[in-house]
Amino acid sequence: MTQGDMAKPLLRTSSEGVPSFTSTSKMAIGILGSGDFARSLATRLICSGFKVVVGSRNPKRNAGLFPQAAEVTTQLNAVNQTELIFIAVFKEHYFTLLELKSILAGKVLVDVSNSTDLKHQTESNAEYLASLFPDSIVVKGFNVISAWALQSGPRDGNKQVFICSDNRDASAKVCQIARTMGFIPVDMGSLSCARDIESFPLRLFPSWKKPFLVSFGLFIFFYFYNFIISVLHPYLTKNQNAFYKMPIELMNVTLPCVAYVLLSLVYLPGILAAFLQLKNNTKYKRFPDWLDQWLKHRKQLGLLSFYAAVLHAVYSLCLPMRRSARYELLNDAYKQVQAGKENAWVEEEVWRMELYVSCGIMALGMLSLLAISSLPSVGSALSWREFSFIQSRLGYVALMTATLHTLLYGWKRAFDKNRYKFYLPPTFTLTLVIPCIVLLSKLCLLLPCVNRRLMQIQRGWEKKAGSQVLEGLGCFTDSLPCESISNV
Amino acid sequence: MTQGDMAKPLLRTSSEGVPSFTSTSKMAIGILGSGDFARSLATRLICSGFKVVVGSRNPKRNAGLFPQAAEVTTQLNAVNQTELIFIAVFKEHYFTLLELKSILAGKVLVDVSNSTDLKHQTESNAEYLASLFPDSIVVKGFNVISAWALQSGPRDGNKQVFICSDNRDASAKVCQIARTMGFIPVDMGSLSCARDIESFPLRLFPSWKKPFLVSFGLFIFFYFYNFIISVLHPYLTKNQNAFYKMPIELMNVTLPCVAYVLLSLVYLPGILAAFLQLKNNTKYKRFPDWLDQWLKHRKQLGLLSFYAAVLHAVYSLCLPMRRSARYELLNDAYKQVQAGKENAWVEEEVWRMELYVSCGIMALGMLSLLAISSLPSVGSALSWREFSFIQSRLGYVALMTATLHTLLYGWKRAFDKNRYKFYLPPTFTLTLVIPCIVLLSKLCLLLPCVNRRLMQIQRGWEKKAGSQVLEGLGCFTDSLPCESISNV
Amino acid sequence: MTQGDMAKPLLRTSSEGVPSFTSTSKMAIGILGSGDFARSLATRLICSGFKVVVGSRNPKRNAGLFPQAAEVTTQLNAVNQTELIFIAVFKEHYFTLLELKSILAGKVLVDVSNSTDLKHQTESNAEYLASLFPDSIVVKGFNVISAWALQSGPRDGNKQVFICSDNRDASAKVCQIARTMGFIPVDMGSLSCARDIESFPLRLFPSWKKPFLVSFGLFIFFYFYNFIISVLHPYLTKNQNAFYKMPIELMNVTLPCVAYVLLSLVYLPGILAAFLQLKNNTKYKRFPDWLDQWLKHRKQLGLLSFYAAVLHAVYSLCLPMRRSARYELLNDAYKQVQAGKENAWVEEEVWRMELYVSCGIMALGMLSLLAISSLPSVGSALSWREFSFIQSRLGYVALMTATLHTLLYGWKRAFDKNRYKFYLPPTFTLTLVIPCIVLLSKLCLLLPCVNRRLMQIQRGWEKKAGSQVLEGLGCFTDSLPCESISNV
């Protein structure tokens, strides 16, 4: 039963004012195979109001496995009764259906299989099926849906179903069936897309690989850098044993460096893109691939930055509860008493810490808003302006606050040469490099003259007369992906 | 105006290349009743391009309540003008419509009511309506939508509308109306589903009850166990008053026990299922009900475990800021000075704490990723492999890290008999039991020989020849629900 | 290719049992313009199975910019070949299309433009287009979709597309095209809605402005109030320099006040509404506008309250790690030693802090559940009862726990006149006012007699006989938006 079926009666309603509920009987759909998927599919199709005919090699044995309403018969019978058949059989057994070739001719075969491996895949299962049954119309689809999702019904988040076929009508028909079942069909075009669709369930965070490697690299680098400065140096020079710092204190100084640099890497590509556009004096020249890639991975970089920042927060909050902190405090108290020093207060130290901790909390608070707005359900509810406001404006404010956090933490230490262990500059000075570059170049881009020029370019105006109409839309619609460019 | 209506003009477009925008006038929809729901419904229908005729007992009085575009007339007139009528009247007043029985015959009645109570419900409102108007076609639907959601429009997250009817065309027609209004209709099948649909708005976390009770039980048990050990024992034996520990310190030692055991209970059923499959040598034998239930509640168990873990983190972070901690520290300082002990440092204690705190943070960090991936919008964007990677792989790593956290916390205390108050073992030793069982049996399942066998079974291969084609799909598609089994 | 197209073959299927895949060839869609949006649109339409004809002023120059499958020709050719044309041109260039006026007559023009500014907007772009081409059928739509979203495909969260037109068929046709492309079309009614739709992408958190201002006002007020009491007073009276408290300690006492008052402001309007309903003895009398507004902003107030509460938690957790805390501790230790005081323990202080910290954590734990259930994807998965349980029941428990937190924090200080600096009452006493009013009046509403009356009113019963049928539905469906009213 599909929406299409309903068109008639509804049209009648409006034309003759009398609906007819007789024109369409239940549409019959065939299923070949009797695995979990076949069964769940049958259950769901019947619940969605379709007539289901299951073709099985051994109807008697398998009838019990299917819902009552489903007719379980021989493969031959099943195919004869239906025009649209789901092939719920492993690829390696497609050949066993060749005996049905003649009667399958002209009918729609829905290939629901997944590719078992991505490596040695020559052609998609669907294309293989199509090659076996050239006279049938093969549609790829439903492979991203699990037998479980089929049974549990669409209640748990309406999942998308990717569909493709060389026959528009067939794919549209399958689209409707999917919609009637409560899924959201997405027509991916011709059957050549089948390979992508089949490999979809095998994806493993492709868009996260590079950002993760970058973050991991940064982590390793800063961890060892801090290790040399705050563990190795005291050990070699003063023979102090500070190895106990490795699990927590080193983590706690390393994570903010990672978070801070990652955050700046979110906004650097936008800056570069803007300068490129200014240089090329057009927005229609494609960016170099590496920049394109980078722009595409900003969201992931931002989320990893947030994750590192949160861990940093938790680690620092744990500092005072550690035994080591307690013992140091006790020893200090002892020293103070011995020294007869009544007041340990150091005003400057107090202010420094109050200020940088406060900045840190604020930066984290803003980052958390960025993270929340990155949730699919939240982000999709935002208008482009809201989205770019949070991702670009708020993001830059967060970056500035983080910079302030770092500078206040550093205080005057950058200029105290006792801080240069092994002639290595304190870690925080290293982390400041990229963020400051980003913030300064952003400042340049905000200069009225530069900004106006940039807006024009991004709006599509160019130096050619008469060509303006051709530039078409894109000023707003475009700004969503590269908010840090066009919302400068 | 429904998609169906459009079929005609579009077909023309393609066939004769000339679209006709005349064929269909606005479709008229009737509404009986004039409550909030009736009004919101009218507003929304009109906004979605339908003609609305409201049937009211007192048209004059109520005309003002409805939007201008709606025609408010007598019930008789309204029914005469329309083929599809929404019954926006309380169940207890359905009988008052009996006078319209004859003209309602053959028309579609949409029952939008909710069941007022689940207990003494004999039949669904919709079935009751159908029994009153046997000649009409009753469709259940829209009851999950609030009058408010109707007015505020579909902008705020497109809600699902569950629809059922014994007449496929009628339900499909209502499906289209729902879709045109911007909702996502879900055809639930025959009118016998009406009861479920009506009770849907009365659900109160059915899937959370059992997991919550389990967590609560664990909490009570561990709280009292800790109470006996760390409050009652010192009070009775050394007459020390440690009751101040009840609000925070006891919570802080109890919550991790709950979180830790709950996490292991997430993965135990998967293990049991795998062993059962190995024993039965097939995956087609249904699991016993209790195991089935357990498998279905893993998500809830996991989230409760995460919740307890987060609370534990917050509680522990609060420890150093308490007065009690301050006073103890001051007294220790005093003692140290009196004892003239220059250095309070205990290397072993330091290492122990640095390590277990660090492990704890990591475990929490991983659990948070699991929790995020459990958000509907996030989870539905993941491929099965990504989902199972996080839920299974990452989950087990988190369980291992939590185990390490516990072991490091315990250090050598399990072997120090002074720790056995009233001969009761320290709490952490109790919590270790189930997790260790899970991890060890997981290890067995990972042994190549066992693993291979298991994969075969789960892929659907069985010892019977020839039956292989019949097994059908399911290897991947199936693995989503029981990732901890098939992604071993 | 639209679902409409499919109606025919499917109908055939059921009537004659033979599907025909010949009736419909690819539907041709025209695009005028060659900007980013035009290109992305073409790409997506082709991928969704449409035939695309692009009309360009300079076909040769622009052909390269479009996918192979798209036919790039003169504007005249493009319009002649198609019945439905996307106008991907800036508003200020619409006039350049006037030369095509005659051939555009009777065709559907889809206006995808956005309004560049909200202020000096006289009419919507779409209406302007309609005024230029009175004989064409103008449909507004797709403006909320970015060129980027078009290219990246529907995978990343199916975005909604708002559509409006004075011609139902045309808008329905565009709805289908949107659906085929994988978007969720929402028919907003007549073209007069175009202005709203065009300004949609320019929205900047309209619903957040007022709640934010309220929160900000509260923050400023409490910050200065606390500044006077805990910084200015000691400075002026005892000449103590406590300015170092400004970044953290003052924030930490200010934020909870804001969070606490905001939370009470979430439930106050519900109380007022309930009393109004009792006074009017009907629920059909509209609330005054200010109350209506207030009721609509409860969600935002709640989330801001949660945000402030979380920041408060983080700030308080930071307290012990500050230098200032360390120094004070050291000095206390010194004093204690000098005084020879062996035990610093103050049982009352200990209990006070253990208790109020514990309450605070619990309140935060509950608020976090409220916040999570406010996520679109989570909230939309809840039944009205679950939603109202969390938002109303749990919310009130959270409010009570927060009150307990405040009272325990205050302890006996409200009655200690040394706490009244400059005769100003301690801050916590001020914050208690509104919440206590809310809780007490809630208590009144819970009195059986009052409660019963209220339920009747909200169920729609009134003192007029015979009018009962007319009241219609709404008891449950209504309660979702104003849960704090009807779930009293």
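The chains carry the letters A, B and C, assigned in the order they are written, with residues numbered from 1 in each.
One rule holds in what follows: a residue touches a chain if its C-beta (ideal position, glycine included) is under 8 Å from a C-beta of that chain, and two chains touch if they have at least 3 such contacts.
Fair warning: this is a prediction, and the values are worked out from it, not measured in the lab.
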Go ahead and align subunit A to its copy subunit C using Cα positions, then give the rotation in degrees, nearest 5. 120
Since subunit A and subunit B are copies that touch, is their contact same (over half of the numbers shared) or different (under half)? different
Would you mind pulling out the distance in Å between where the CA atoms of subunit A average out and where those of subunit B do? 22
Counting only residues that touch at least 2 other chains, which ones in subunit A make the list? 2-8, 23-24, 155-157, 317, 320, 329, 333, 337, 375-378, 381
Applying the document's contact rule, which stretches of subunit B touch subunit A when the two form their complex? 2-8, 23-27, 83-84, 108, 137, 155-157, 160, 167-173, 175-176, 179, 184-189, 284, 313, 316-317, 319-320, 329, 332-333, 336-337, 341-347, 349-355, 357-358, 361, 364-365, 375-381, 383-386, 389, 460, 466-481
Contact set on subunit C toward subunit A in their complex: 1-11, 13-15, 17-19, 21, 23-24, 26, 33-38, 46-49, 56-58, 61-62, 65, 88-90, 93, 96, 112-114, 116, 143-149, 153-160, 180-182, 184, 200-205, 244-248, 251, 307, 311, 314-315, 317-318, 320-324, 326-327, 329-331, 333-334, 337, 375-378, 381
